[in-house]
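Both complexes shown next keep subunit A, but they swap its partner, so subunit B is in the first and subunit C is in the second.
What follows is the complex of A and B.
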């Protein structure tokens, strides 16, 4: 982890206290969360991390109290007068403890769904991470991802040439599958739809992108969409390190690119946190003022076309039991829960839901950016994912579809470390394998899953 | 001397309580918020009914922890009834009772008695839970126990007035509060009943404590739930 080498103990203490007391001036949500918690323990009962292996430091309230205690001590009269009687405490100087704990919360917001007050401990987690970031304590793995993304506009540090090579490869693949030219347009000014996937859906699990290309092809809209050779990764780790400045800086080129294309729709791919930032934060919060385009999501768009009867499938191409893992950011945070199911029901023979699902779904254990941190892989494999693995196993599914690169990475590692006999992939991946192009589904038998 | 405490403290208590609550709630209301944080699935336009439902029936808690929900909901609902029942200490509604053909004293003895036991039992269960359930014990600090014990003391002294066999003089108490409400200090007679005095002092301590404590969650819930509901 970052070790904050440039800061003395006293400076650290001052910065922490200053940053915590600043909560007094907002946001409202943190202000309330400092005061309102009834300390009932329900959040721990539903938290994937605490349920994976209960330890005191994994209790959401214990973690949130790192900040709440300082807030009470320095901003409230009662805290100053009555101290621990009202739950006030001082910063103990142990920033490493903070970082370890705040990077054990997956930011899944499951606690908020069940808390009688709707208290979302992930907001406090993000505040804790922001303080760690401001004092130089962000784990190195995360720092690197953020920096790479700020430098290159994608979290893999891939060049436009590498991107274009991948796109060429995907077009060839589709030609092999269907015998026709299915295009993935790049850098087309004037396109209506600007497709922004996670880079993983081009470089690692590209079937989601071919699925989307096929939908546009079937609809006769090949010339209506485009990708950008500069902005092809909606992932934005500023959300995870708590650094708003980084989050906005990372976001800006995408908005500018959409404007440059003159796009009507910012067409978000299968990436939960990218869609949440674009839709719920950037667009709703008017970061860049009024926009000439609307943020939409590929799953709602495809699901609507299916409902209109415009797409046809050969389900026998996907005969195995398939389940859907709701990425927390798509489900609980954006409400995209029915659309992926519409697509999977249409594209697969045997779709089965896991329990619980939708807004109550258990996190994969890699949320909040943790999926990218191999330094805590053991924790992700053995603690934060326990509930998820139980759920998936109970369905008997052989393929877990999910609309998030981070969830996919977590699942791939889980499959490997648990020798599990299921595969993981995207939602449009299933569509790509069974959608009919000129009456025929893709000719291919060597699917990995 | 003792009597003076009972003549003037209640005003101070009320002032601290009202001011304290208003200041806290104003701070919440004025604090800026960049956007909503809706939890899905949610239906558009369900913000207000959703928040009211949460405040009245705790549906989120019901989904999360049924045992706690039952203790907690019975506790809060009964407490609310008892709170309303206390109006009779200040005033009476003979016309209403006559119209409904009810003997108010009997009714209050039965329903108030049951409520007093229920609220005490559920509070003791909550206290036990805080002590014996690991995930709750690790987040419990002095303030959490203090709040429970204080409320328990209020409830126990309240129940003592009803069950300990000693006579609680409702008429006298009502006269005391009515002179307090009309600021008639010369006519004010403080009931000598020690249990009543203990109960009333504890209640005042509770009310003074509320604005500075998490007990204000009964106000906070409207704000926190609004943030996560769909407008």
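What follows is the complex of A and C.
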């Protein structure tokens, strides 16, 4: 964990108070979150972390009050005069407590769905993490991931050569499966679709990427899409550390690359927060002005092709019960809820929904970047994921499909530490295994399920 | 079969190794071929390690000890000219949990060099034995030592599958192959010099449900 060793207690106090009072002149919505909380406790009732193991510091209200108290003390008249009677408090100098607490919120925004005032505690969490980042307290893992991503444009630190080697490998893999040449175009200027997956979907669990390549092949659009050998990782940890500068710096090369290709669509892969940043923040917030391309998601696009009847499947390739875990950033934040289900229902014999689902789903317990942090692994395994495991087990599913690398990593570790008997993977993975090319599904040795 | 303590593992051969909290060898300089062989059995590789296994293990050892890197799974496959499914076949518990663990790469090293390495999604333990509802092997010819180990685990025998077990199982299987019939309990005991006390100790489920079942003989 970063310890902010370059900063004295006095400076820290000033910096925190300054950042919090700046909220007053910042976005209106955050002001509202500071002012209107009625402390009804609805958020605690629906919070995956608090429900996992209720302790005071895990209550979203208490966590948000770290910032709200300082805000009240320094910017409101009642707070200045009446102090703790109206919930105002001063910064107690314990930044470590802040970091521990703000990195226990998964930023899933479930509280915002249920709060009578619509208070989104994840925004306050992000503010808290931003203050921690500005004072040098961001956990080391996060710092490192952000730095790698800024240096190399991907969180793996993989070079363009390594990327190309893996693409060659995937093409051979598909040739073995189908006996035809299915291309994954790289760096093609003039392609319509610029595919941006999380790097894990190319280098570690590449079936999602082969799934996309197969869809393009079946539709006869092999020459219409491309990947970039430099920008192949949509993951952006600036969102999680709260540092807007990093978030934008990480984002910019992708937009430039899309412009360089002259792409009509930025075609986002199975990564929840990457899509959310592109679609809901970058595009809507006009970070880089008006764009010559549209941001779309691979799942909605594939689902539309399935509805048009252009893709055929051999469902018997996926006979096991399959369920879908809605990644928070897709389900709640971007409204991509029906499309993955269309794909899974088309590609699998036995698709079952988890309860609750769609916008009301529970976080896997690894959201907000926590999934990458192994120093809080125990917390993730035993606290934040308790409800999710119950829900998955209730479906009886043997395969949990989810469209988010962080969710997948979290589930993988859950399976290991709880000795659970299901597998986890992506949505296009299932499609890749059952899609028909020239009337034939992939020939693969099935060692799973 | 093996006795597990929080941060160390003692294999049947009697050698003890220190592990980290994720069950990976640490410190890494303890690694030797014996570790690879014994850890392989823990990772679902029940037969001897083949040349193909060693190719991957040596490749990972070289990368780890000489170049201080761990390649991502796709590149490891590409370098060794393997399909992903081949790798899964060779290492049923996966690349990072199976292959890297056997090659003695510790978890922290992998996590620190690139946390995505530890993100690989799961493979389910492969089912290569079809059994009848009573728990007997459906096909006599598919028997292997792993099947016997599974049944021993079911019986929770502290000493695991011993050479004495193997001796008796070999007799049973040879007898069945030759005569296409199942020896009765007296024939079996007499030929293998087994008395009733030892039989119950080695095979707590008795003769038919114990000795015959573990040898992969059909139910009659």
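One rule holds in what follows: the second predicted complex is superposed on the first by the 446 of 449 C-alpha atoms of A that agree within 3 Å, B and C clash if a C-alpha of one lies under 4 Å from a C-alpha of the other, contacts with A are read in each partner's own complex, and residues count from 1 in each chain.
In this text, contacts are C-beta pairs under 8 Å (C-beta built on N, C-alpha and C of every residue); 3 or more make two chains touch, one makes a residue touch a chain.
Fair warning: this is a prediction, and the values are worked out from it, not measured in the lab.
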Contacts of A:158 with subunit B and subunit C, given as first, second, both or neither: second
Of subunit C and subunit B, partner touching more subunit A residues: B
Touching partner for A:114 - first (subunit B), second (subunit C), both, neither: first
First (subunit B), second (subunit C), both or neither touched by A:334: first
Subunit B versus subunit C as contact partner of A:415, first or second or both or neither: second
Touched partner set for A:84, first subunit B, second subunit C, both or neither: first
Partner chain(s) touched by A:166 [first = subunit B, second = subunit C, both, neither]: second
Touching partner for A:135 - first (subunit B), second (subunit C), both, neither: neither
First, second, both or neither for A:424, with subunit B first and subunit C second: second
Overlapping contact positions on subunit A, where the subunit C interface meets the subunit B interface: none
Interface residues, subunit A side, partner subunit C - complex: 141, 145, 155-158, 162, 165-166, 168-170, 173, 176, 199-200, 202-206, 372, 374, 398, 405, 408-409, 411-412, 415-416, 421-426, 444-445, 447-449
Subunit C to subunit A touching residues, read off their complex: 72-75, 77-78, 83-86, 88-89, 92, 97, 111, 114-124, 126
Interface residues, subunit A side, partner subunit B - complex: 25-29, 31-33, 35-42, 44-46, 50, 54, 56, 59, 61-62, 65, 76-78, 82, 84-87, 109, 112-120, 123, 280-281, 284-285, 331-335, 337, 358-360
Subunit A-touching residues of subunit B, taken from the complex the two chains share: 24, 27-28, 31-42, 54, 58, 60-61, 63-65, 68, 72, 133-136, 138-144, 146, 212-214, 216-217, 220-221, 223-225, 227-229
